[in-house]
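A quick write-up on the structure given underneath.
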Amino acid sequence: MVNTILIVAGVFMVLGILLSLFRFIKGPDITDRTVAFDVMTVTSISVIGLIAYFAGRIIYLDVALVYGLLSFLSVVAIGRYIEKGL
Amino acid sequence: MNIRNVTNLFVLLFLIWLLLTGTFELTSLLLGIVIAGGLSLIFGKNSNVFGKLRLTPKVFIYSLHYLIVLSWEIVKSNVDVALRVINPKLPINPGIVKVKTKLKSPMGRMILANSITLTPGTLTIDIKDDEFYIHWIDVKTLDPEIASQEIMGKFEKILEVIYG
Amino acid sequence: METLEIIGALVTLLGSIFIFLGGLGIVRMPDLFNRIQAGTKASTLGTILSLFGLAIINEAWIWKLLVIIFFVLITNPVSSNVISRAAHFRGIKMTDKTVADLLVDKSNKPGEE
Amino acid sequence: MIKKGILLLLLAGFVVVISNLIINFSGSSELNPLARYYAENGPTEVGAANLVTAVVVTYRGFDTLGEVTILFIAAAIVGFFLKILNSNNNRTSSLRKPSEILETASTLLVPTIFMLGTYIFINGHLTPGGGFQGGAVIATGVMMIILARPTSEFNHKLLSILEAISGIGFVLMGVLGLILASGFLNNAFLPLGKLGNILSAGAIPIIYVFIGIKVGSELTSILNSLKENQNEV
Amino acid sequence: MSIILAIFLGLVILILAFAAIYHKNIKVAIIASGAVGLFASVLYLLLAAPDVALTEASIGSGLSTIIFFYVLNKIRQSND
Amino acid sequence: MTQYLSVEFIAMLTGFLLMVIGVWGIISQKNLLKIVIGFSLFDTGLNIVIVSLSYVKNSTAPILDKAVEVSDAASKIADPVPQALVLTSIVIGLGVTALMLAYVMRMFREKKSLEINSYNELKW
């Protein structure tokens, strides 16, 4: 029961990644692509959480930890590059 | 050398260490104290980021209250924006408005700006002195006073108590 | 215990629905700021909810999941603030529905290339 | 046109070589003897719960030593290539200042990132992670400082001293293993402890602290030479 | 189940790699190669290698993107 | 056919295709930065292939804790050796990328151009 619900949740997450991938490919400007990249990283965190649940290992969550803290840094670097502050 | 700043940073870092390791074993605790102490001495010495924050029970209760208010606002406005997204007509009315804040402490201002950003529908774009420029998905008024009340009245009251 | 686990799974499902709506918003919205509003915020809430649901299912994991939620809560607004500020500086064209733009950037020049 | 054809031919040769490998691939259903040896004897011989750490630090410690050396050489060459010819700092003043949110958030986030890095390399023998990842995370923390305050300067002396001390410490631990235990980089000269405790696995936490500081300072010096080079040309 | 996720991740990685090679705008190519690192890291996790995933997350997706943008920034400075 | 429907095979195929794309980028693109990107894609693909070789059917991470006991470790875990090699390989990859980018900056300083065709001193 629990596993079925979680698999459905995983399908929704994958669809979310696909939609933001579409925006990444299409996005007229570089800032749109950066936002799509941001959404993909945040969504990956919950995908990692699901993988950790299905593998039954708490240690996989360390990867999500690093994502949560570091993924925004490349977005910040891109933003500072665009506003000529790097 | 700002003692209160260093202590606050130490408490935060030690809390993170405890949550990360998840044990209360003695050697692990001692190691955490040493590391958090060293890092808070290095980084807390010259900065004044926490301002006048005191770790009293009153501040703790107000922080908890703030968290509850924030989460309720986030959920409420998320549902609102989600309804707008699903609606085939896409009923949006966006614009950038100016609001004024009374907060002085940098930490309090950052938390206020982040809370505004976290609630969908409003997005902090820039801060100049005491003016926040906010992108609002459904502009109701352009007047700074009313807009401030509308957007961040609830948050500001509590943060004023915490960061005094 | 079974009911608690099912409640946790449902919370995770709710979070994933929010993530999906965020993806939908990022595709449907007409300009960058509205995309940030609809996309990044909804997926942040979705991630937090789904991690919270996993914490309900498996209460031994709650500490580490709390740290992740804390990090996401701090870092995500900062990144969307930086990117929206950069976009405004760059002079991104806003949608026709826009009512007002009170932020006048003194150093604002048209886009870089 | 001929050029394009030659390129395509080259690519086709590459594809043929690797497709031969991939068609005959069938996944393995059990470990090979070497890995089996590590899995069975690693916890008792090394005392590390993370077997990857056991392989990186002790069983294949020489590889790690060489790897750190390669990284050092890369950092040195980057620094050499991008040597500053005329260092006038007038460009930094023309930079657009970061927003206040980013500045305040960085004062909160930089200690947190350093804490996470320290956690990762001290717990390298229990959880995923170790010196390399911890060092990379710490370098990212330094990166955060540069992003939030473009005018901040780094102390080159301190960086090179940290790098030298940690490099010497790493080799010293190896030599201590050679003298007190059975071989170079053998970690068993300190008590192995109980599997799963933070102070276990002999010298592995100490070695990982050295590797972490070394990798962190090397990556930082690469970033630093890339940053300072912006002032000229 | 994990097979479907692996197929999905592989497809996304390949699409992003194509974008990284063929997109005319060099900045988009750099972001796409960063996203390749991101999804490769999730794939490593599926292959039971959390250590490698951690390294790829911090280096392949974080530091290398930032280094690329530094170099790009310097090249642009002398460009206009 | 069924032997191809496994996680490790799909990962290996992805890695190989990524390597092919990377090589194609290196030999066909004219922009120096694009060539560096091609190198880094090739690097990632190679790492994925090596890690996919370490996977054993239905195995879990080679880290022992409550979920994996010492006694039955040998039957449950994946091969740690390729993972350890890839670990160092990724860090070296970053060093090599930084080195190549430093070359690019240096070359740009000489000729003010990123086109590979303008560097023809050693061409015959």
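By letter and in written order, the chains are A, B, C, D, E and F; residue numbering begins at 1 in each of them.
Basically, contacts are C-beta pairs under 8 Å (C-beta built on N, C-alpha and C of every residue); 3 or more make two chains touch, one makes a residue touch a chain.
For clarity, every value in this text was computed on a predicted model and none was experimentally measured.
Listed by label, the chains touching chain C and chain E alike are A, D.
A comparison of the A-E and E-F interfaces places the larger number of contacting C-beta pairs at E-F. Set against the C-alpha centre of chain E, every other chain centre is closer than that of B.
Chain C and chain F have CA centres that are 30 Å apart. The geometric centre of chain A is 24 Å away from that of chain D, both derived from CA atoms. Inter-chain spacing, taken between the CA centroids of chain A and chain F, is 21 Å. Among the residues of chain A, those touching two or more other chains are numbered 10, 17, 34, 55, 57-60, 62-63, 65-66, 69-71, 73, 76-78, 80, 83-84, 86. Of all residues in chain F, those touching 2 or more other chains are 6, 8, 13, 24, 55, 60-63, 65, 77, 83-84, 87, 90-91, 94, 98, 101, 105, 109, listed in ascending order. Residues of chain E found to touch two or more other chains are 2, 46, 48, 50-51, 53-55, 58-59, 62-63, 66-67, 70-74, 78. Listing the residues of chain F that touch chain E in their complex gives 5-8, 10-11, 13-14, 17-18, 21-22, 24-25, 29, 31, 33-34, 36-38, 40-41, 44, 47-48, 51-52, 54-55, 59-63, 77-78, 83-84, 86-87, 90-91, 93-94, 97-98, 101, 104-105, 108-109, 112, 114. For chain A in complex with chain C, the touching residues are 1-2, 5-6, 8-13, 15-20, 22-23, 29, 31-32, 34-36, 38-39, 42-43, 45-46, 49-50, 52-53, 58, 61-62, 64-65, 68-69, 71-72, 75-76, 78-80, 82-84.
Residue ranges of chain A in contact with chain D, taken from their complex: 59-60, 62-63, 65-66, 69-70, 73, 76-77, 80, 83-86. Listed in rising order, the residues of chain C touching chain D in the complex are 71, 74-75, 77-78, 81-82, 85, 89, 107. The touching residues of chain E, when paired with chain A in their complex, are 1-2, 5, 8, 12, 15-16, 19, 25, 27-28, 31-32, 34-35, 38-39, 41-42, 45-46, 48, 50, 53-54, 57-58, 61-62, 65-66, 69-70, 72-73.
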